[in-house]
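The next part holds the structures, each set out as structure tokens.
In what follows, chain A forms one complex with chain B and a second complex with chain C.
Our next item is the complex of A and B:
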């Protein structure tokens, strides 16, 4: 009697085309399942697809909105890439994004309101980077001192940041000129950025990040750490030092994301400032397979999801929360690709 | 009278977190770090509320919540156990999917009230309902299972060193499935009790952060069913005495942030203490590490 057993075998190597093909297939799969969810919500799936495309890329205003979401998601994506390359699981980008925006506002509205333009942008970026970086660094320290899993602490620190955001909007920095809706004081006008300006800064950050982690020793240290503590130690790298600087770097990127988004949109904070770009960045990071140069493309797709959210709510009367569910589906699908590029399933006859 | 009110409230919220924490503890003991708990807590709460609105039967709602939580937890198990994917990112995917789905479908429930009256035992103004009693019975049962039965031994060894477990002939996949099954059931119960008894109404973001706090509480209780009771009731007391301070107004957000910081600090202190005494407390050393049977040899390369 022959029995057929399923075995999972590691692939020796995969081509880039195969990887791309699987990624595209997985995205199609995720969107097909999203269509099924739409049927359960009482919406015609075809209407969903058409509104999704129209409100994100097919119309000029839709494309503009998508591009405005691109910058924060791209920077959060870079933040995720930096930490995941080192096998550090920073999943609190959203919290670091909030804190980065808060420190940028503190610098631009209260500490240095009278600085002239070129210097003001440097202050904006540095303040955001410092805020987000320190927020993530706390979790790195806890990892080293108490061996607490950084995924759990970064997530809890997101909740701390969210409560602080509510507090500064409603009490500490509340602008009494806005009656009714809680909003803070605004950034000084010379801190405000156009969309092009924030995109230029984001591209500069992208190039610097690419250079640092793909062309210098720092990137090698990340890869060594991801192979394990022992491997890093034997290679002469101090794991605790790499953990600290990569957590700071990762948090700083998410912090810059918050600062730029604040300066290129309203200039003041409100409780709705946190809409999940940090989580979108994590998905984008897996979508581009942790490769910095593909990050813009992956982030653009996630930005499309966000720009279609409001149109879906307005035209089809589905809650905007469905965007989160579809993002979860995309992440599952992309992770499955990760499995199939590393392993293959073979049937063994016994 | 006020003290009795406070105790009633603490007992209700404590029961929610105790059930969810015990669930998370079992699965972490088996070496899986399941962040998806946030997602199926939300989904189970939504389904419990829906069934309660439609049938008015509490037992039926709880059954539905348990089924949904177990089913959604299977997504996580397939991703991490069969597809060998990273626990944290898989959990995050399940969490986003569950939370998004629950609030997208749940929007129609916002204005609909439910009325659940469980039979209570009145001890000097403190009302104890059957689920609260059940939560403590479950703690005892889990303690017995974890330390006195073969299954508990298998769960602990799979979480401590899956390579050794495999050599001992333990079916790791099966043990991890059983652990996630227990987790799903307990979290489903917690979600149903929370939304129908403790919260009492569906609103946007009503379950936010509950599941994630349970993961931290399980770690704080050093993955022990009895210590977890202490961890849960300490943090719940701190969290919810804050809200009862008179005249707190909008400062509640600052204090809420502070309560999360307290939870993180307590975890840091407990973990630091635990590292020094590692010989005495057994912990899931393989937590969040992917086990791949065909690549056992790679562990040593």
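Our next item is the complex of A and C:
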């Protein structure tokens, strides 16, 4: 008698096209599951899909909102790519995003309030980069000096950043003009950016990052570090130097993300400033398989989720938390892709 | 009775057909040797037997019954163990923990006694309490052998296990294999040393480009027939002219003292010089300190005291890339741990040591890069289409060729330092590399080769130094000394 059994076996190698196809299929799967979720919530899945698309890309207004979310998510995605390529696990983009916004505010509201544009924009970006960069650099130093895993420190530093944000909103930089809700002073007006302006800066940063990571030896240095200290040293890469600059670079990108978001929205900080773009960026980074050129696409998808959240809540009366659920489903899709590029399921006749 | 039988095994990878309709079998109490040039498919075949890969088609019969081997664990449960070509051990565990994990038992005093007894029976000496991350490649091979032997298996597979072993260890392994066979087990034995086959095997199978070329009883085949089957042509051994004229000091080492990874003195106050136009070989048993000595010369290890000079310039304690830029090549034997970055494409593995030469001021890569790489690949007999392939997907010998190509041909080198450079290379590539080194010597390079292989030391060296316990014991002239004489000094 022959029995047919299902087995999971290792796949030796896959092509680019296969990877892409798998990604698309997994995402479709994620949204189908989201649709089923809607049925359980008593919502017509077709209504869900239509509102999701309308509120994120099919209307000008929606598209504009999506693009405004794209900027911080894309930059955090680049931040994740830069560190993960070196096998450094910076998961504290959210914290570096907060600190970047705070240093940008410090520069644009207190230190240099009278600088005219475009110099003001340069200061904005540099201040954000410096803040986020130093915040991540601390974790890089800890890694080198006492071998503390950066995944732990970057996450913990996020909570420190969150408390600092609370402190500046409620105490240090609190604007007494707002009674009730704690808010800080605002950026000087010449620091404020339009959505288009912040998008343009983000694209410039994307191009620079792409050039550095994919076209120069810096990318190779990251890859060599990820292959281990000994081979890195042999090939002339100083491991500690690469850890430091890549952590700084990674943190700087997340910091710029915070600075741009601050300058293109309210211009002041409030305790709710941290809404999870950093974490969305990490998901986007894995979704695009750590390829800088695909980062905009992956980030755009996550931005769509954010922009449709309120519309879904308003029109379908579902909780805004549904967005977290769908984000989780996308993460599952990423994991599915990773699984199926390494393993395949076969039927074995016994 | 047939312990194992493979029928019509085919295995394709993305770019290659690694095995094409291969038949193979193994009898009880027999040693079946597997020969073939680099990339012939030997490792792939034993990977299939030990459950690492699944064949695309074909059948595996174990004691007459068809089986599918899902994983190495599955193969182990059915009595098949493999000593892999490249040790793959859990770095963060101790040797004992790794063995326990492999046996699928939790550590206990009883288990430890069992393991110790088993290893004593075979005469294998390994320190069970050492952490694996601290072991040298040679020690890792020994642990892999120990790991296989603590298992009570029916089929033992050795994939180039002797490549890094010294003379004494090799003899020990032969003895062990004979014991295993006397107990009715079967052994599959992969090697590039043909003499070994005649010493130990009962039957031999030759693979070429994924196809089986022949299977014979060992007393029905000659060395020449085997070589011709492996390479598809007659080969002549290259014995280049000895000792060309020397001039100037290429490499000078003065009173060098170096520690190993445990902080013990591995090299004690060694002084040595290599002139331009001369090959000096250091002959040493594994663990004699030659590894640490070479690593200190090329900047991978900081010496405790002493000086290293390249072309008269003091480079003591400088980092590897600085010393590389001085025109020093270093061929290591720790292929996957040091020689290449396994996850990166061949292209990046080729340029990684000479980034200064192949990048512009802003760090972008030169346009002529690819042409240069294709040219050096040609010199080691590899096709340009391997450039985008990650090194992990190449055969052991192919990786060794990549390392050689990078170190010798991508930059003008004046001093060549090599540790077991012939490790894992097939017969033809070995003589090709020997010829290359001799040619480079004749064109004026200073060459220092440390090896554990007496024959290579004699064939190559203008001067031969024997090293033991971190000291140079004796010096011989390459033209007058015999292999037998050296063997005596080495095992003294």
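Couple of notes before you dig in:
In this text, the second predicted complex is superposed on the first by the 325 of 350 C-alpha atoms of A that agree within 3 Å, B and C clash if a C-alpha of one lies under 4 Å from a C-alpha of the other, contacts with A are read in each partner's own complex, and residues count from 1 in each chain.
Everything below uses one rule, namely that a residue touches a chain if its C-beta (ideal position, glycine included) is under 8 Å from a C-beta of that chain, and two chains touch if they have at least 3 such contacts.
On a predicted model such as this, the values are computed, not experimentally measured, just so you know.
Contact with chain B, but none with chain C, is seen for A:335 once the two complexes are overlaid on the shared chain.
Look at A:217: by the touch rule set out above, it reaches chain C but stays clear of chain B. Contacts of A:226 after superposition on the shared chain: chain C is touched, whereas chain B is not. In the superposed model, A:191 makes contact with neither chain B nor chain C.
With both structures placed on the common chain, the touch criterion links A:238 to chain C but leaves chain B unconnected.
When the two structures are aligned on the shared chain, A:52 is found in touch with neither chain B nor chain C.
Within the superposed three-chain model, A:9 lies in touch with chain B and with chain C [touch as defined at top]. In the superposition on chain A, A:157 makes contact with chain B only, not with chain C. Partner contacting the larger number of chain A residues, of chain B and chain C: B.
On chain A, the surface patch touched by chain B in one complex and by chain C in the other comprises residues 7, 9-10.
Residues of chain A that touch chain C in their complex: 7, 9-10, 12-13, 15, 212, 215-218, 220, 223-224, 226-228, 230-231, 233-236, 238, 346, 348, 350.
Contacts from chain A toward chain B in the complex involve residues 7-10, 37, 40-41, 89, 91, 142, 145-149, 151-153, 155-157, 159-160, 163-164, 166-167, 170-171, 279, 282, 286, 318-319, 321-329, 331-332, 335-336, 338-339, 343.
The touching residues of chain B, when paired with chain A in their complex, are 33, 35, 39, 75, 79, 83-86, 88-90, 92-105, 107, 209, 212-213, 215-216, 219, 250-251, 253-254, 256-257, 260-261, 263-264, 267-269, 271-272, 275, 287-288, 292, 294-295. Chain C meets chain A in the complex at residues 13-14, 53-54, 68, 70, 300, 319-321, 324, 330, 332, 337-344, 348, 351-353, 355-356, 359, 362-365, 393.
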